[in-house]
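Both complexes below contain subunit A, partnered by subunit B and then by subunit C.
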Partner chain A sequence: MARPVGPSDPGGQRPQVVLGAVTTGLLNTSEPLPLEAARQALALLPGVSPDWHRHPIEQVVSPDIFFGLDCRLAVPPGAGSQPRVIGTARARAVLTAGHILQGSARVEVLLDANRRRLPWAHYAARTGVVEAINRADPADLVTGFLQGAVNSTVLDLGKTGAYVMSLLDRVPQIDRQPRLKTETGRLLWAVHVQDGAEPDSLVELRDDGMLRVRIGTPAELLPQFVEFCEILALHHWLLSALRNAFERSNRRGRRPEGELDPALSYLGHMWNPEAHLPHEMRGLWQRLENEAQLTWEWKSTVTRVRDKVSLLTRKAIEEALHKEVV
Partner chain B sequence: MFSAVPDAAPSVFHERNQGTTVQNLGLSHLSVAVGHFYMDELENGEEPIRTQFERVKPWLDAAKASAISGGERPRVSTCFLVDDYFQHWPDAPQIMEKLLRLSREAGVTIDYVARESACARRLDGFQTAELVATRLLEEPFPEGANGGRPPISMSGWMSNGKPPRESRVLETMESHVWEPAHEFGERNHSIYLDVELWDSQGRPGGEDDGELGNRRYSCPFLAAVWQLIRLGLLRQDGQPALKVTDFDGEWRTEWDQCPDIVKVNPSAQPFYAYRSLSILPRTFLPIEHSVQNIINHFLPDPAVVESLDRQAGAKNVPLPPVIADRLSHFFLAGGN
Partner chain C sequence: MLIFSSSDKGGTGRSVTSCNLAYRLSLLGQDVAYLDFDFGSPTAGAIFEIPTLERGTRNGGLHSYIRGRATEPVRADIRTTTERQVLKERPPGSGKLTLFPGDVGGAEFSLTNEHIKKAAELFQTVEREFDVCIVDLSAGRSSALDMSLQAISPKNRPKKAEAVRWLLFHRWTTQHVIAASGLLLEENGILSCALAAGFARREFLRLVRTIRTAVPDASAFGKKTTAEQDAWLSRSDDILKTLAKSRGLGLDMLAGTTPLEPMLLWREQVIMDVDVKRRLADKATTQAFEELANKLIDDEAWEGFER
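Now for the complex of A and B:
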């Protein structure tokens, strides 16, 4: 449901690299937002209404908002100096089922552009694009960005996405009383734009819990790829949130139903990776499923949660009956 | 991988609820603002008004002859912005009669009349100015913005660089450190500009209605809104933020009862245009410099930009990507 990503540069230059981050979390509220409220909440700019879907799972996508950038891009060790980039990043909020909020930020990188910072009007006319004023190798930018090591001088799109998510905190319907504890999901992605080349991709999960997606693809498929990453981030977050709730319920001294009830009612119905998956990305998702088997893992985790709830219920009934007999 | 679509049959279910669809506008090639007066100048004698229109006339003719139209027959419309924001009396019919008569006598046809107040707030209460205020992006410090900086200026000022700085470093040394101002996009030397966008003195003539309603917008800010309106770049749900109303033959006494933009010449070309020319007294030069600074930090809705680009492209009308490049000015000499 991406807004069209038009030709980025009116001068005809095409970005060689596109970098992005998707941050995923539970909306800071006890109950999901109804569709109508969600559409109001995600109207982040006056005068533009968000895009939305009702079926098969409600989803609202905010208009893009833009962030000014003048910073460095990370490169791998030994790859020389970090190029300086100037321009704007775009970011949007995506709310799924009124309850799962994502901040999705990205920036298109033009290499071999101008050698100095130009008047700001130049960058304001090329929204969502940064221009590197030093030479850089596209492959180094992809690798450097996916390392995910950020400091105050290199691009931090995760922070951009988190800022967009925080804009929802001031919506009146949001009561800041979620009943489920979850961790923020982080995904970084990087595209090496290769027109006419065979697309290839790699999804990687490291022990820092952050997903990394690397792909070489023609520019035409960028909007679809962004949606793929948002869907992957959402479902990876769902899986982690449910598994963590299950593990917490097994800990000593906890009321298991205090963890399992909200987990089931918040998350149980959410799994549907193909709901809004663009047609062009179905093959990639299928390959990912064949290897990582995310859907199998989800089903088995839901089964464990439900089994446990059943056992707890039976135990409670038996205890009640026992009391009556005594 | 991407071609491996498992099912090539066309889809049967289609749900596309695009929030906003941008409307294609009827567009002139050039919108010419034919002069400007402060309200007190309009209230007083006729002679200065007549003189200004007479001075506008040859430049308006030149503009019509030189409009960039990509080979089409040039479409040029004229407009006049009435300064009713900072002060106004209930005398719209008299002022409008005088204005239209004197311009006509000087050979300057005014096609559209707009109210400056509408650039802040529409007749129906919609906050037009907010469409610009929320799309202004502060210029990032050199190597000082890596993605988390809130995008909107809340300070009420917009600069093109870093202000000069004077500070006492060590009390005992009693020495001063002074750093000059710096324009971020300078070419060799800086022209630093910092423009006040609004203050909180309260909306002229308005009751207190919250933080936004309490803003009193500056003249350059409203003039920037006016330029963006003329260029078709300001939209509400894809429609022009200020709409044109046909003249119904009668001016309301109160300015704030008059429509936002009135078409006073029935045979006029479209109000909105690819480019704008503003013919103004020389004293407006600093205001228009400030307008350019504001517009340089305005990020238009990409869908609106695309719609205008498509329309221009279809007719081979050259349309510069930088918005400020679509603006031009002629400043009339001062004095009598």
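Now for the complex of A and C:
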């Protein structure tokens, strides 16, 4: 079930390109936020309560908030000048199981709009939409955006996502003492809007650790696709975080339990990619599973972690017994 | 944990020692980040022998990040980017070793609140991923130093955050002792800057320890020393110790000493155990680095006795 999205362009123009980013990380706190506190924390707009569900896994989604933009869009080298765009980006925070926080941001890009900058009221009425003042090729925008923003003159939705996450740092229940070292997960996605097409995606993971998703899809499926990306980002992060904890448990001079216990209690119960997956996206997910075997890898990693924990427990018990006998 | 490396003069061995400490800490199983805040001359890339980062990066290093020109600072996995074969290997049980380089052609800048906010955010992000984060500041007072003090001051850093250590590097000579003490304690020095940033005097000085670098022993006189030389050396050492104590840099402040290492006289680099095995480096050098690294992550050893 796709979450509702705000009104798109009232002028009726359709975006040719939609660009987005999802950043994922552990909420900066030692224990998960209870649902009530999470609902308060994610009420990022006064008077609008966040969406939430309790089953099958607790999740709270903030209302959309908007950020004014006047910047350039990256294009690949040799593809000419970077078009200037003006408008607003749409962003929201998603908190899963009270502990995994995501900042998700996106813009719809109108390419055949006004060729000069209009008064701000014009853009303010079209939330989540930017208008390009210069001509550009949709395919170039997709490729350029997925390179990642290297400087601060081009659109950087990852930064917007990170900012949305940082809003949660102010919540009083947050003690800034997570018991796990984790890296922020980054995902960029870009849609070339193609009416009547079957959604077809390409997921890529490069050395820089950033996930990149490129898709051609009709406009109606955009909200579902955004959720697909959020779910992918969440699960990719879960896998990385668990593997990192397992690796860290083998370090010199460290109690393995210090890594494995919080990893299991924070992450162990979280894997459920199909829980909130819109049914239109099931095909895409299935294809990804077939190729990348994410669920298999998760299961085998959890097994390794659990095996190690039980081995450690058995050792501890044996040592205790041994002491008693002696 | 956040560790800051400061020194009064250039050429004290601050960067080389900090890089070696980063390396040793990673061998101890710590995930280590090295932040090159010596914006004027970022040398860590050269010390870790990363050809593309010899003098910093051109793709948005820490200097660009702090100044708001890069959205995320570039990072490099030292083991996969170094040119030095033996450094590429990651021994079992060791941790990550990551460099956040400075920028080619970075320079001093005038400090704003925006920069301080960026620095505080940077520290917070890096600490959430790494066990230890070493920040190499340039010699003397700099914007990076002021910015760091502000970012870690009780005003900006939550009480329960991880430990902070402040290292002051100096050579073991009369002038270097006087200069280091001046930088820490005199007007416009580190301490007064810390007080202005919101620290209480005692609270800040608790974080500070000195490292005496490249300290020679009698062998510097040659293979055989005369009795006169031995006596002179021991007397000079005593005079220095008295001087250091009277200038507030006594034993209670001392984190450790690194011996004069001939290899480092030719080349700024990481001294590895294989260098000792090949009988190039002195065992005393790697031992000193390892001891210091151990001390840095052991709260009790670090605190020593209460001052």
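Assume the second predicted complex is superposed on the first by the 318 of 326 C-alpha atoms of A that agree within 3 Å, B and C clash if a C-alpha of one lies under 4 Å from a C-alpha of the other, contacts with A are read in each partner's own complex, and residues count from 1 in each chain.
Assume a residue touches a chain if its C-beta (ideal position, glycine included) is under 8 Å from a C-beta of that chain, and two chains touch if they have at least 3 such contacts.
Fair warning: this is a prediction, and the values are worked out from it, not measured in the lab.
Chemist: In the superposition on subunit A, see if there is space for subunit B and subunit C together, and answer fit or clash.
Modeler: fit
Chemist: Which of the two, subunit B or subunit C, is in touch with more residues of subunit A?
Modeler: B
Chemist: Between subunit B (first) and subunit C (second), which does A:Gly253 come into contact with in this model arrangement: first, second, both, or neither?
Modeler: second
Chemist: After superposition on the shared chain, which partner residues are touched by A:Asp175: those of subunit B (first), subunit C (second), both, or neither?
Modeler: Second partner only, subunit C.
Chemist: Identify the partner contact of A:Asp156: answer first if only subunit B is touched, second if only subunit C is, both if each is, neither if none is.
Modeler: both
Chemist: Going by the contact rule set out at the top, does A:Leu205 touch subunit B (first), subunit C (second), both, or neither?
Modeler: In the superposed model, A:Leu205 contacts neither subunit B nor subunit C.
Chemist: Once chain A of both complexes is superposed, is A:Glu183 in touch with subunit B (first), subunit C (second), both, or neither?
Modeler: second
Chemist: Which holds for A:Ile317: it touches subunit B only (first), subunit C only (second), both, or neither?
Modeler: A:Ile317 sits against neither subunit B nor subunit C.
Chemist: Minimum CA distance, subunit B versus subunit C, superposed model, integer angstrom?
Modeler: 9
Chemist: Where on subunit A do the contacts with subunit B and the contacts with subunit C coincide?
Modeler: Touching subunit B and subunit C on subunit A: residues 150, 152, 156, 159.
Chemist: Could you list, by residue number, the parts of subunit A that touch subunit C in their complex?
Modeler: 25-26, 28, 149-152, 156, 158-159, 166, 175-178, 181-184, 248, 250-254
Chemist: Would you mind writing out the residues of subunit B in touch with subunit A in their complex?
Modeler: Touch list, subunit B to subunit A: 1-6, 11, 13, 15-20, 127, 130-131, 134-135, 137-151, 160, 184-185, 234-237, 241, 295-303, 306, 309, 321-324.
Chemist: Quick one: which bits of subunit A touch subunit B in the complex? Just the residue numbers, please.
Modeler: Answer in residue numbers: 1, 3-4, 6, 10-11, 39, 43, 45-55, 63-72, 84, 86, 88-89, 105, 117-122, 124-128, 150, 152-157, 159-160, 162-163, 199-201, 217, 221, 279-284, 286-287.
Chemist: Per the contact definition, I'd like the list of subunit C residues that touch subunit A in the complex.
Modeler: 27-31, 59-60, 68-72, 92-95, 121, 125, 128-131, 158, 160-161
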